[in-house]
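Below is one structure, written out as structure tokens; the observations come after it.
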Amino acid sequence: MPSSWGKIFRVSTYGESHGVSVGVVIDGVPAGLPFPAEEIQRDLTRRRPGQNDLTTPRDEEDRVMVESGVFEGKTTGSPILLKVNNKNTIGADYDEMAHVFRPSHADYTYSEKYGHRAHVGGGRSSVRETIGRVAAGGLARVILKRELGIETIAWVDSVGQIDSNIAEPQFPPSREFVDQFPTRCPDKNVNDQMETLIRKLRDEGDSVGGVVKAIVRNLPPGLGDPVYDKLDADLAKALLSISACKGFEVGSGFSGTRQTGSIHNDEFYLEDGTGKVKTRTNNSGGIQGGISNGMDLVVRAAFKPTSTIKKEQKTVNDQNEETVLKAKGRHDPCVLPRAVPIVEAVINLVLIDAYFYQRSLQPKWFLKYANLDNIPNQ
Amino acid sequence: MPSSWGKIFRVSTYGESHGVSVGVVIDGVPAGLPFPAEEIQRDLTRRRPGQNDLTTPRDEEDRVMVESGVFEGKTTGSPILLKVNNKNTIGADYDEMAHVFRPSHADYTYSEKYGHRAHVGGGRSSVRETIGRVAAGGLARVILKRELGIETIAWVDSVGQIDSNIAEPQFPPSREFVDQFPTRCPDKNVNDQMETLIRKLRDEGDSVGGVVKAIVRNLPPGLGDPVYDKLDADLAKALLSISACKGFEVGSGFSGTRQTGSIHNDEFYLEDGTGKVKTRTNNSGGIQGGISNGMDLVVRAAFKPTSTIKKEQKTVNDQNEETVLKAKGRHDPCVLPRAVPIVEAVINLVLIDAYFYQRSLQPKWFLKYANLDNIPNQ
Amino acid sequence: MPSSWGKIFRVSTYGESHGVSVGVVIDGVPAGLPFPAEEIQRDLTRRRPGQNDLTTPRDEEDRVMVESGVFEGKTTGSPILLKVNNKNTIGADYDEMAHVFRPSHADYTYSEKYGHRAHVGGGRSSVRETIGRVAAGGLARVILKRELGIETIAWVDSVGQIDSNIAEPQFPPSREFVDQFPTRCPDKNVNDQMETLIRKLRDEGDSVGGVVKAIVRNLPPGLGDPVYDKLDADLAKALLSISACKGFEVGSGFSGTRQTGSIHNDEFYLEDGTGKVKTRTNNSGGIQGGISNGMDLVVRAAFKPTSTIKKEQKTVNDQNEETVLKAKGRHDPCVLPRAVPIVEAVINLVLIDAYFYQRSLQPKWFLKYANLDNIPNQ
Amino acid sequence: MPSSWGKIFRVSTYGESHGVSVGVVIDGVPAGLPFPAEEIQRDLTRRRPGQNDLTTPRDEEDRVMVESGVFEGKTTGSPILLKVNNKNTIGADYDEMAHVFRPSHADYTYSEKYGHRAHVGGGRSSVRETIGRVAAGGLARVILKRELGIETIAWVDSVGQIDSNIAEPQFPPSREFVDQFPTRCPDKNVNDQMETLIRKLRDEGDSVGGVVKAIVRNLPPGLGDPVYDKLDADLAKALLSISACKGFEVGSGFSGTRQTGSIHNDEFYLEDGTGKVKTRTNNSGGIQGGISNGMDLVVRAAFKPTSTIKKEQKTVNDQNEETVLKAKGRHDPCVLPRAVPIVEAVINLVLIDAYFYQRSLQPKWFLKYANLDNIPNQ
């Protein structure tokens, strides 16, 4: 069950809900960096359930523990183990589902793949697995900001039929602003409609899907590779590797396929004052030929409705009998608000690995774009 | 420039338009398999330009050569080098573009990344890179068919504003049927509209995008992994790694985000006669929790309009001057028909690697699902 | 600081002496295997310091904790985190050495590589890192024994000038027999001489090196690859990756270079009764062309004398001044006895990965050699 | 059959004697470097058979062809395919051996592993595989020299019972000096004895082994990693991955195990004038804790006698019958002279990958040690 990511900044997560802890080992971290424990904790707190009544009422504390790789507040260059202990959450709710395959859930496929059920909290399919990635993503975020000025910001773009229309790059101004809205859709009016819909569905025992949009600012040109490890290909994998994600777009995405080249192409111009090469439109979403072009990176990720619902559904059990399931337990009626920090984390993990790879092979690029003052003597 | 793919069935492509050859080294091929040289050639011929007047008139012969790894018609277990020689196609058309960045092309990003232009045929961004992947995909296709019965079929789902409505799994019946239509959209009426549109845009020096859809039949449950190397995540990366691809969907994709869980969930039932576990709907697109569930796998990939067009466009050059470009040369007004075999190839490459990984770790699964009679004694 | 091993059975260790814990994440473990917690604990206890007066008197309890990947006594297929908590062992002994480079130790090279000292317990160079590998090796050992009957046994072959002459394959009969000797040299007479030497050097504040020899029994032919991942090449890396290892031999090793081919070659014959292909001599050490040949695998590993000694040594400090060091603290005067279980562990890690890779690519080989009854239904 | 090497500067070889060509794809080469085609050809010529009457009389021309990754004399950043065409060398000599397992050769193990013989030229076990590595090693050599001043020099240290006693670092002065001696043992007297022995054994149809020694000069401190990817562990794997290599030593190797720590330890001092940290002895062989320490790197590799000899040997065939073999064909009576450039090549491949990895993670180290003037603008 490959659980690792990255060529150089290498992230390996472990843990299921039913074990002692979930976490991550991060290898390939330069030595001598100030370790941002508080920033990582803040990111973990953002993904935590129980933040408001729109998400699952399970209240997990999620205190991050650093078991290796940091000494006297600095990274040592060794693998960093970050973990969060599990509480014992296995209850009667799960026992009931132990032998019934939840529709559109990973129960059946786990059973066929491994010969056993992973009903207890969903095994590795549990969204708790993302704790490790959010923690590692927090470290990546801080390094990217210090050395290149990069900022990744995600928000909820739509829930069910309710669309927002947040114009970038003016919006959203910051992660803090996004967090002021319970749905993490930073438009007061749309947020309120979404809240109403989510509460209604929650009360009906139902769920709903939606779309997260993210931009990355201050991305220098030159990250990503022209063939397999294209920046957009790696981002697509990163986003699709989040539970419930069913679609990915960069830039104009599916709507761009409707256009002609003469309309779709992003014409280049020289920015007044700086002389920097810019494009007038950004249908490319900041990536051309798999490589960042210096414009804002823009991606969207589709999340299906939560599959575990309290409404009655027809299904089969592990004795090969047809049956009926009415799920119990605590489940998010809409994963979108909590998906936002996870989307940011996996984007930052892709970017830092592309950055470390690029600076290995093209060191003059590094000297041109990185802020050397913010890189500790080594 | 990482150009490799796969954990076990490992594919590494090389080559640019301006070099001697393009091709692929395939490592991790079992010994003793009959080598399907003709089937591979057929796949390469399907991706070749110049097949009809909808695609670029460059006529490349693309004869595959086998330089290692095959002896007396059988694989030896050694790396297999497959290659196609380049013709010398560098002409005045390209010289003109040598110092001008084509809008929405990889020229500018290459320049910033590597400090040099890759104007001659697009460097590794050239669609010729896919020759290696199509050749390797052909080998994968034959092994998957023999050992598991798997069949991957892709077709053009839309071009510009023109949508088809091909119902699967009845349609399309076969790759041969798809190939009867110049656009590779296997609906006579829709194909004709698409042909008209593409010809019109070609004559105007313009281009248009579209969507390729693919299904995989007879996929056993159990392929793919629950976390990073989810089957859909690997497919997303594979498809986005094709030039001009800007979006990916599995199953209900973006439209599924509009629905409630009670409508979207795929209820399980037992198939009459076989007793097999099936789902009534297939919004999951054949994948649940990152693992195949035994239903048809269904994915869609968005391709933007070809960026190289003959209409005049504003841009800048490598002397940091604003200028105007009117591209010459031969370019596909619509990449969709030729994208079809490439999409099939990268899907088959993802599937065979997931299969080889799964049979390594869960050999009893292998004994249950594989056709042992079609696996040579080793 | 790459800390991972293996293509399929993938082992990633983490941890330093000064952190909270040291341990390992094992990915690529089949689901449904009985988890041998007690066998793993036994292996860890064998590598523990403080077992007798020949080794460092530090008494570490080294209780292994399983934080993920095991449920109700069976592996789930998920990454398995095994760890051992550190006691707080940082004392004045280390402070004294904080700014002085110990001769032949990793202090100076760490400092040049990372820009910081790893004086506290040696950072990742600490032999505590091997806890993770011994734990993972224990799991590998049990799987190899159940599925293929393989047994790996190591012992101390020489200490300083004192050589043993243990004839394999009769000797040593078992790991239990080896453990009856404090030096782990299973020859009473030689063991006693070694004990005397080690005690004498310990009392003088000095140290001594030696050689560990290991054999692997019941290894089927066919493991290892012909080119880079040759079985002996992977074993060489595995053994050299243990601290203080400075040399490796397989089969006749350096002494074989003195011979002619006609004497050195291992002639084949058919074993009476079984008809199995065997060799009369075993100068190949069980490996020909990088691939196991069914004979006992035989390797030797050279360990230099412990570099931290209590005798006065000239050296320099991190202020670039010449100085004199007389190390304090508790250190093994001879690492050999404790190296034995570590050598076994890394050999088993190499073998299991070669096995999983081979059964992926050549499944008919698997059907021929593996004991299918001992592989759980999956 | 994994045939790849390296994390960043990634080398993948392909090819067998019976195919069209043998060669290598090198990925992870920075763009903009002058491509040293002639230097690479010179390295290939050094490993070529037929150079004098001590080696196999097969005269292979071994002209390297560059099929991708180089444009107008400079690397493009794309994968570089280097290859050498095979001549058709399959003759009656091999047919005779088609069904008989050569003692101590890879015939039998290949057969058990893959279910087929690789008798024609030894398949991937053929020393022709090293053409790819020598070509890639030549590129690595030139980059290491330009950017860090590193020089790797190997020579024959012993043949059979005949030892040389070349003192480093004064000797050998250069690769050119080594090449003046037919045995590549740069001591006239010893070379002559070796020549006599090799000719005698050749005439008897026999063979003999020996040891290659290598040093690396001007290696900066800081290359290699403290745990798995220790510089000496990677070198051990690299050397053992060469056919016929059966042993490896770094620094004092096996002889160091005889000593006490107080004698073996390399005391540090400050070099007069430069103030550089040096060691008085070099038992560490330039590596401490897996990381280079700035002293000369010193390794030795043991090569067994060539297994294919013309003397009669007892063996078995692939019909499970005992038989007798008297090999025909042209074989090196002693591989040592030709092993020298191969040893240099694999060492340089290990070093360049360690360098690229280190400069990725510790860029300030790079700014301190690399010659920036020799790195092209990118």
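Residue numbering begins at 1 within each chain, and the chains themselves are lettered A, B, C and D in the order written.
Everything below uses one rule, namely that contacts are C-beta pairs under 8 Å (C-beta built on N, C-alpha and C of every residue); 3 or more make two chains touch, one makes a residue touch a chain.
No experiment lies behind these values; they were computed from the predicted model shown.
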item	value
Most widely separated chain from chain D, with each centre as the mean of CA atoms	A
Comparison of A-D and C-D (more C-beta pairs in contact)	C-D
Centroid spacing, where centroids are CA-atom means, of chain B and chain D in whole angstrom	39
Chain centre separation in whole Å, for chain D relative to chain C (CA means)	26
Centre-to-centre distance between chain D and chain A (centres being mean Cα positions), rounded to whole Å	45
Sites on chain D at which at least two other chains make contact	1-4, 7, 13, 28, 31, 77-78, 113-115, 123-124, 226, 357, 362, 364-365, 376-378
Complex contact set, residues of chain B against chain A	1-5, 7, 13, 101, 103-106, 108-110, 112-115, 118, 123-125, 129, 158, 160-161, 201, 206-211, 220-223, 225-230, 232-241, 243, 246-254, 256-262, 264-270, 275, 277, 279-280, 283-285, 287-294, 302-309, 311, 313-316, 320-322, 357-358, 362, 364-365
Chain B residues touching chain D - in the complex, by the definition given at the top	1-4, 10, 12-16, 18-23, 25, 27-28, 31-32, 65-71, 74, 76-81, 83, 113-116, 118, 120, 123-124, 376-378
Chain B-touching residues of chain C, taken from the complex the two chains share	7-8, 28-31, 77-78, 226, 356-357, 359-366, 370, 375-378
